[in-house]
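You will see chain A twice below: alongside chain B first, and alongside chain C after that.
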Partner chain A sequence: MELKEKIRKFIESNLVVFEDEAEFSDSDNIFEMGFVNSLFAMKLVNYIEEDFGIVVENDDLEISNFNSVNRITEFIESKQPA
Partner chain B sequence: MTVTESKKEVKCVVWDLDYTIWDGTLAEGDNVQLKPGIKEVIQTLDSRGVLHSISSKNNYDDAMNKLKEFGLEEYFIYPEIHWNTKSSSLAAIQKNINIGMDAILFVDDQPFEREEVKSVHPDVTCLDAVEYKTMPDLPRLNPRFITDDSKRRRKMYQDDIKRKIEEEAFEGPSEEFLASLNMKFVIHEAKEEDLKRAEELTVRTNQLNATGKTYDYDELNAFRISDTHKLLVCELTDRYGSYGKIGLALIEIKEEYWHLRLLLMSCRVMARGVGTVLMSHIMQETKKAGKKLQADFKKTDRNRMMYVSYKFANFKEVSSDDEGHILFENDLSMIQPFPPYIEVKIL
Partner chain C sequence: MDNVSQQKIIEEVKAFTDKEIRPYAAEFEANEAIPRELIDKMAERGYLAASFPQEYEGLGLDPVYYGLFTEEIGKACASTRGLLTVHTSLVGETLLRWGNKELKEKWILPMARGEKIGAFALTEPEVGTDAKSVKTSYRKEGNKYIVNGSKKWITFGDVADFFLTVTTGEKGITTFIIERQMQGVKTTPIKGLLASKAAHIAEIHFDNVEVPAENMVGREGSGFTYIVSTALDHGRYSIAWAGIAIAQEALDAMVTYSRKRTQFGKKIYQHQLIQGILGDCVTKLHAGRALCLRAGELRKINDKSAVIETTIAKYFTSKIAMEITTDAVQVHGGNGCYNKYPVERLFREAKILEIIEGTSQVQQEIISAYGLRAYYRPTKV
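Right after this comes the complex of A and B.
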């Protein structure tokens, strides 16, 4: 499965969204669409670290790296060995 | 399905820890004491070939050390000790032991936990911890055949014991389950009668305390009365009843800033979204007052989840020292709305 697909699937199954039937695009801001609480935050970080073998440093923990499918995908790609 | 109705033998009992195997809440620094006779119950069932496991929301090392202290550690296989849902723990235990869900008996003192497990695994039998003394006499816990293999059963599984770390693949309760709880979260400024409990919260809540600071009654009372401080208390109620006062926040009011000096949540209500609600409320009030928001934070090796939460709430590090003390700042450009499944009342 393509990287973007995987991220999308993860978000769809874990984020509590404000509007039930909301569809979101790869560039939509997930922090505005759903309730990002400590649970989802940790889950997302752990998922990225474990499934993609990356270490998320404290400095990486900027919302801009995680607020859409596109941004998460870019972040993972930037961290993986070339 | 009650314990007496189903006929199938129970192959594994999954135990909660706080207020189930022992009295007290370990993570809040209680000097927990084993419930009278519980060791004998566990040993009796073990000698019959019944397996035991754990599903507890606690720090793994602390809980295992405490079980070791009580001489009980060896009886449990595949312990699930972390902050995820108990339903996910049961799923992991079932998979690890490779038995049917209907061969599991789950013992917990909290109706919330028993219901959460039942909502995901209807075949699991759930027992209120208060009934532990009746367990050895229950027909489903009296297997027809007890062989030498039965007595060795636990030891055979122990070779496969895997340790689950707190921060591994995290699973949260489903949205439907959360909505069915009718959670009501109330935030208000502390009154004098709240102070005793507030003091207790600062002394007991170590892991979910952003700065690790404690305050006594007089200090808190001074903050409560002071014009330059706001002391907020939070209470949570759900379908099962009230959790009492479970959160505290201390804000220092400065000329340009509101400075969050203390933020803590009781670990009993962790991972339900209330911490984020409290934070959003503070951010909204700061914005209304036309101020900017700063927050103190002390990094420890146990509070990564809290650190991540602050970062995801749009706090940025302004400064930090060698001992993990951090000053955070938030420009309030991104404030999360309250989730649909919690009713929030600001008094």
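Right after this comes the complex of A and C.
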């Protein structure tokens, strides 16, 4: 499965709104839209670290790294060896 | 560390609490303070760093054994357990997770040694559950930040050497380590509490406190999403076990009392209505313990479900601690309302658990949101 699709599926399985109310593009800010809660952010960090073998560091804790499908994908790609 | 070594530590802490804490719990409460000597004795044994890695002079307990460790301390004295909750769990584990190298080097070892006590400064006179609405403010001035505002209900706030402090400013919620010795920091103890009387709970006032930029934990604006959430997650895990601790201690007391106390010519446990109470309490306690152990196992492997399972465990054990201590008072009758019997204190302490680290109502909302997604079956009627 393509990385972006995996990320989207993960987000969709953790939304605090239901499917028919939750349409978002790959660039939409899911935090600003109120689609996820603060527990999601922690779960997302665990997901990224465990499933992609990445360590999320203190310096990575910019909300902008994790607020959309595109940004999460870019973050993971930037951390993985080329 | 292997399980045998970890179990040995649990046996040691049991002996320590029996000697150094349980006999004095009522006295600590009457004095409204756990003594500094006790904190030092705990530090000497590594107890203030029970969950820290051994490289930081911690005991290196894994989450399951750290839970069992918390239970042992919590059974003896809720205020002493409160030190572990804030210093070790909320502050220590959050710094270990999100502190940069410099912050860890500066704070973790002194915390492990008990040279520096940490407290978590989130709630305010006007802000409790609505934690994103904190009013304590920061503003940037050169390479430092100026913090103003007040915090309330800060456990160990009256003796802590530093506060992991939640503020709001230009970029949103941001967390800083603010040291007691910084100019403009003042703490005032809060007396007259229902429980946690010995936990040095205080108000903290920040009056134009100059905080160096290197004291920021996490990034500017990421404070709630990552730092507060991480801290509260560790706090909830600690409180989940605190619920087991109080429930277990109350059950032990009520079973023992029911086998010793005679009414109507027979021991009170021989009355079927008392047996009904005892049966329910044993069942609730075992269910709560199973939830805590499951949460601990998930935390051990950093599983994605660990956060929600911890929330469920915290909600459930704080609820059953209240129910079981209520029953314990009932089984004790008049004696249960008297402070010469520990169940009187346990009953009051249990109530606190339904409020701290997120009220039960907030936990219900979180658990409900999880359930509405996890158990939705669109193909079913």
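Just so we're on the same page, the second predicted complex is superposed on the first by the 74 of 82 C-alpha atoms of A that agree within 3 Å, B and C clash if a C-alpha of one lies under 4 Å from a C-alpha of the other, contacts with A are read in each partner's own complex, and residues count from 1 in each chain.
In this section, a residue touches a chain if its C-beta (ideal position, glycine included) is under 8 Å from a C-beta of that chain, and two chains touch if they have at least 3 such contacts.
Everything numeric here is computed off the predicted structure, so don't read it as measured data.
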Chain B versus chain C as contact partner of A:V36, first or second or both or neither: first
Which of chain B and chain C A:L61 touches, first, second, both or neither: both
Chain B/chain C common contact set on chain A: 14, 16, 18, 31, 37-39, 41-43, 45-47, 50, 58, 61-63
Chain C-facing residues of chain A, complex: 13-16, 18, 31, 37-39, 41-43, 45-47, 49-50, 58-59, 61-63
Of chain A, residues touching chain B in the complex: 14, 16, 18, 31, 35-43, 45-47, 50, 58, 61-63, 66
Footprint of chain A on chain B - complex, ascending: 167-172, 175, 178, 270-271, 273, 275-276, 304-309, 311-312, 314, 316-317, 334, 336-337, 339-341
In the complex with chain A, residue positions of chain C that touch it: 98-100, 217-219, 221-222, 224-226, 228-230, 233, 302-304, 306-308, 311, 366, 369, 372-373, 376
